[in-house]
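Following this line, the structures themselves.
After this come two complexes, each holding chain A, first together with chain B and then together with chain C.
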Partner chain A sequence: MMEQKKKKAINRLQTMYPLRANIDKMYERGVEASKTGKPTAWCMVNWWEADPILKAMDVEVVYPENYGAVCAAFGTAPAYLDRSDADGFPTHMCGYARNCIGYTSRMTELGQIPPEAPMGGMAKPFLLLCSGALCDARYKWFQALGRYLDAPVWTVEIPHIGVAESQDPATRAQVIKFMVKELGEFVKFMERMLNKKMDWDKLAEVTDDLIKVNRLWHEINELRKARPCPMHSRDFWSCMNASLYPAGDPKESLKLYQDMYTEVKDRVDKKIGAVANEKYRMLFAELPPWHDLKIFDELADRGWNFVVESWAYHPAKPIDTTKVSNPLERIAAETYHWLTGYFDEAYKAKEYMGYFAYPYLEWARTYQCDGGLLHPLLTCRTATNHLMLIQDRLLNKLKVPTLVAEGDIVDLKLFNHAETMRKAETLEEMMDHYKQKRRDEGLEW
Partner chain B sequence: MTKVVIIDAAECIRARVIGPTGAEHRRLANRVMEEALNRANLHFEEIAYVVATGYGRINVPFADRQITELTCHARGVYQLFPTVSIAIDIGGQDAKGLKIKKGKLVDFVMNDRCAAGTGRFLEVLANTLGLKLDDLGGISLQATSKIKISSICTVFAQQEVMAYLAKGTPLPDIVAGLHDAIASRVVKMITRLKIEPDVVFTGGVAKNIGVVQALKQNLGLEVFVPAEPLLTGAVGAALLGKELVLKARERGEVIAAKERRLEEVTFFR
Partner chain C sequence: MVVNRKGIERIKEIYQDRASRAQELKAGGKQVMGYLCIYPVLEMLTALDIVPFRILGQMSEPITKADACLPTIVCPFIRSTLDLGLKGKYDFMDGVVMAHVCDVGEKTSHIWRTYLNPPYYYFLDVPHTTHLAAQEQMKEQIKTLRQTLEDFTGKKITAAKLKQAIDLHNQQRALVRELYDLRKPDPPLISGAETLQTMVALMSIPVAEGNDLLKQVISEVKQRKNKLSKKPRLLIWGSIIDNVALVEMIESAGANVVMDDICVGSRAFFPAVAQTDDPLDGLAYRYLVELKCPRTFREATYGETKKDYIQDLESRFGYIKEYIRDWNVNGVILQAVRYCDIHGYEVPAVRDYLDHIGTPHIYLEHDYSEAALAPLRTRVQAFLELLG
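And then the complex of A and B:
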């Protein structure tokens, strides 16, 4: 007798698949460009500070951080991690960096893209572009890559200001001025590298398209506040990279996000949830264990619907920058706003815990979360330091309990699937308790 | 260990049994239950409700419901110490900190990634010292000072202990150092729970007076230990089962009990 195939607990969005495919195509485009002598860059996630410039100058871009997630999901990461370890890099270094260094080391030795590389691999770059956003440890990673690849390393900086300082308009003006200068220097560098001038009209158009993409993606995520939540975090992570990096042609991404908006809206109208029986509305922080995404299916079987996640990878709250005529200033304003978009509210709430922590507090309330799964990354302080603070604030301010499951984005040796599932059952009992507690204390959900 | 506690409606314990745990421990749950029924002079059909807890809870075919060990511990500890705020449970496999309010588990932390800070750490080091696990507590009370174990890894701690032995450090000082190491790790782990009195210590390691003393020193607080620290989870499970039955009766409902089989689980055969 044929075994009946079990229906998957997460009802994935149909519009996710073409969007994801469009994102994944960036690797193929990079390889093709490389074959025909066109420039390909390896770029850190920079929260749109430098991406529009690369796109406007027809440079194909791949993102080694994204490729770390790809290698983890495809199971090729362990060999690259071992390779990085063998080359003498510390095992407690960022999982993405170790994966990428291992990949690069192997590619350098072979003189070509490793045959096992998933999605066609990352082609040899003509430029390594660093970003000062959020994680300063990334510079050293790209400097090391520069030595393997004999490619120039350029850094676009961004000042990191605090919640209180953000309330001073002069501070904002100074930061924007600094960022515009940084971008201007990067444009000059690219013009020298490519031996061609920047097409400023094209840059304005690309910038405008990316802002539209981010606005639409934000609106899709706003729809997830509905009960039941129509879209699971798995779909968010599958599709975030058309906005975040941004991978793919912005006009194509805009069309695909529009299709997704229509599907999500339809689900909201018809009260269709991403999980059939939404028992617990969950928040996730920060990056997931890419090597063990199936854990979300198991949790969905228990009625866990992840309704919001990973603050740093969400688009900024929309602002109107259409009156800013200089595209570099417009880019700077958008990136600055992404970094500080929650600061006004944080300041009012006297929560000076910065950009990484406060949004979760707001989202737990507005998305009406019952609990959270916090995933401290043992190799990433940037995505970890704030989690204990979040745990404390969520529980004590909003009566939302959370589960801490230590792990890593790439290194599967650092994550304990069985223990996480065991703790999840205890969290359910706590979520039931706190649901009653929130009602007793007059909270909205 | 497999433990069974049977209580009656007045919350009197009618039987308590701690049975051995082996590689196929889950298969033996029915035997421990039979032993408890014998001691209580009861037939299995007279048991109103069975709650299973702990690592093997899903493999008890005669259980009506499974509840996690943390929730059961919280309830059990509260029954014995109604003013409890923090419970520390150190067993062979893990160490847990529980924040308890009125018998409810409101927060928890666990060390489940490493032998350091668990009973296994003491087992391994007792072996290295050629001592019996049960003797460690008494020996440590004879210490005049205590060594500092700097490694958080059990294997490296073993090497440190061997180095102290080679130097001729007195055994009581080494054992006291080990107790301090386990206590300080656990206290660091539970600090997030905002430690406040009363603190109750359960689990197999709570039988070791040396660790109890080390915990008191590290916490700067009194630490209470139940007479039978291995049974708090089972006591809590029994109480939660009783409460479920009584609540159902109050509502005039028949509690949904499963068709029970007091027999071995079959998938090991």
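And then the complex of A and C:
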């Protein structure tokens, strides 16, 4: 009976499995492509700025950040981290980066993909594609791979205008103009690299497909506002990579997300929750402990349903860019909107960290959260900088208490499962207290 | 207050209480503007007769207030600046020009505004690359900075005032180079600690006043009778040093720090603004391309389709080789504040480059506190023994 109960703690979506399987084929496809002479690029999550261009030019793409999570889950990360440390990279740096550096160092030494590499490993790249989005240090990481690889590095630009500065109507136009110019240069660079011309019709089609994927994924997540919440964060994380990276053929992803929408909508209609007895509606920030996801099952046993999470992994609120004929301009407009989509509301609320921090304030309200689990990552400044601010704002503005559990994305030594569970009990008392307080203050939930 | 002290004495006085002169000027009716790191365009402030005041940390002051809004695993220097802000130590400033200097710097800028809400605030979003389009974008950012400053002060930055400001800052940059030339003889005429104090002082007073002070310092140092003794000559590379404790520790271990590649030093002062038809072009180029902080992505050749590692290192760090040659450097101390990712990624590459050109080096990591420096002393001593 106990065994059966544990399995049912989180009611996983059935449509998640084929979606996740399709995502997981990414590495296999990269290795296979490499064997047939097809170019493979290593690419950072770039929030759909470079992805459409790479896909339109028929480049196979793998994502070392995602591979860091894979290595963490498969237990191969520690050896790669050690190798990075031995090569002289400081230990406080990004776990994904150190995993990738260690992996690359070993691959270079062996002259082939390391045999222990999970999911077939990452094929040797012909290009390293960086993005300055959110985490500046990432382009330093790919630049550092120059010790091991002769692949060129390209960095796509995305401005990070301040919340108040974004209110000037001229700013958006200026930023889009800059991004379009830079994307144009990137296209020219890719044409030189591949010795072929961009197929602009194909780029327009891929761009459109990716926008549709993101729109549908957004709509699925909107359904999670229902009580009880039909989809747990575990399913979000399992499926986000078809949108975020975006892994796989967008047309296939669209079909799989459509199936998921149908299932989630059905659960909403039938009032089926992702957790049997939803007692606490939770938000999670930012990256989860990939090597200890089972903790969410234990929390689900206590009635914790994670209803929203990880702002940086969510697509933007949809906007209509169908009238924009230049695909580069459409790409720029969509990515800029993803970054700044909450700025107007943030400005009105005098919250000046319009991405990362402010969306959680809006979500806590619209998803009616009782509490939050904040996960500062000891090797990731980007996912951690804003967590104290969020904690303060959630509690003082919305009376939503949070628990801080330190950990890491890759280094499993840094997350204390038992202590987190102990803290969870304390948070429950606070959540009960603040639920009453919210009512006293006239808040909606 | 009448300023009696001159030259190095005055430098030390400002260094010890760096806000005092700015507060005095403020009391006399001047506006004082804080700025983060080296990317805010100081010429715009000077053109409006605003005192630029660099926001620095305080190594000896425990961080207490900032813990509530910035996690402990981010750059302790940045945490210290925010801590001082939250404690009211920067309340005399009329506003701040923050910048997208690095990830933590960017986020802290927004946190600064959220909690401190200064009367004037501008966030300069510095592009990540040095591409031509990025230079144009930088120019647009500078234009907006100018506009917001004009709106705030109610004054116009005329072409003549801007040119005058550029000239004044360029004059300061030339004087700093002249001062650094006094570190070229063996032994050097000025210590690394005194040089650092001078740089901190220059970042705390109006540029014209700084220029006068620099002239006094240069004249005084040239006439010095008590010379330093000959010791191994070191270059310090890395993240910010705004307190003499680290440099004093190294020099007291038996070395002369004769050159630096840090942002309270040559990185901030060596590049001058070129004269261009539109002065904003020169400013954008100087602040985006010429400043050599690793926060900016640079490639050896724009759009290269194959990476040549040594060529890449040469293009990124070739200037360090020139420093080593011109200042006759025996060894390099690479240092970084813990959690400074942009310097952390750079360390193996700089080490590779120094190996390539045959210069001994050591890497030190510290947590921006005086107490943590003692264990590093042994490592520095061992390095100096290696240099002979």
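Here is the rule we use: the second predicted complex is superposed on the first by the 438 of 445 C-alpha atoms of A that agree within 3 Å, B and C clash if a C-alpha of one lies under 4 Å from a C-alpha of the other, contacts with A are read in each partner's own complex, and residues count from 1 in each chain.
Going forward, contacts are C-beta pairs under 8 Å (C-beta built on N, C-alpha and C of every residue); 3 or more make two chains touch, one makes a residue touch a chain.
It should be emphasised that the depicted structure is a prediction, and the values quoted were computed from it without experimental measurement.
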Touching partner for A:419 - first (chain B), second (chain C), both, neither: first
Partner chain(s) touched by A:343 [first = chain B, second = chain C, both, neither]: neither
Per-residue contact with chain A, leading partner among chain C and chain B: C
First (chain B), second (chain C), both or neither touched by A:181: second
Chain B versus chain C as contact partner of A:193, first or second or both or neither: second
Chain B versus chain C as contact partner of A:429, first or second or both or neither: first
Contacts of A:388 with chain B and chain C, given as first, second, both or neither: both
Touching partner for A:401 - first (chain B), second (chain C), both, neither: first
Footprint overlap on chain A, comparing chain B with chain C: 388, 392
Of all residues in chain C, those that touch chain A in their complex: 67-71, 73-75, 100, 102-104, 106-111, 113-114, 117, 121-123, 125, 127-129, 131, 133-134, 136-137, 140, 144, 294-295, 297, 299, 303-309, 312, 336, 338-339, 341-342, 344-349, 351-352, 363, 365
Touching residues on chain A, where the partner in the complex is chain C: 87-90, 92-94, 97, 130, 132, 134-137, 139-141, 143-144, 146-147, 149-153, 155, 157, 159-165, 168, 171, 174-175, 178, 181-182, 185, 188-189, 192-193, 350-354, 356-357, 376-378, 381-382, 384-389, 392
Chain A-facing residues of chain B, complex: 55, 67-68, 70-71, 104-110, 112-113, 192
Of all residues in chain A, those that touch chain B in their complex: 388, 391-392, 395, 401, 404, 406, 416, 419, 422-423, 425-426, 429-430, 433-434
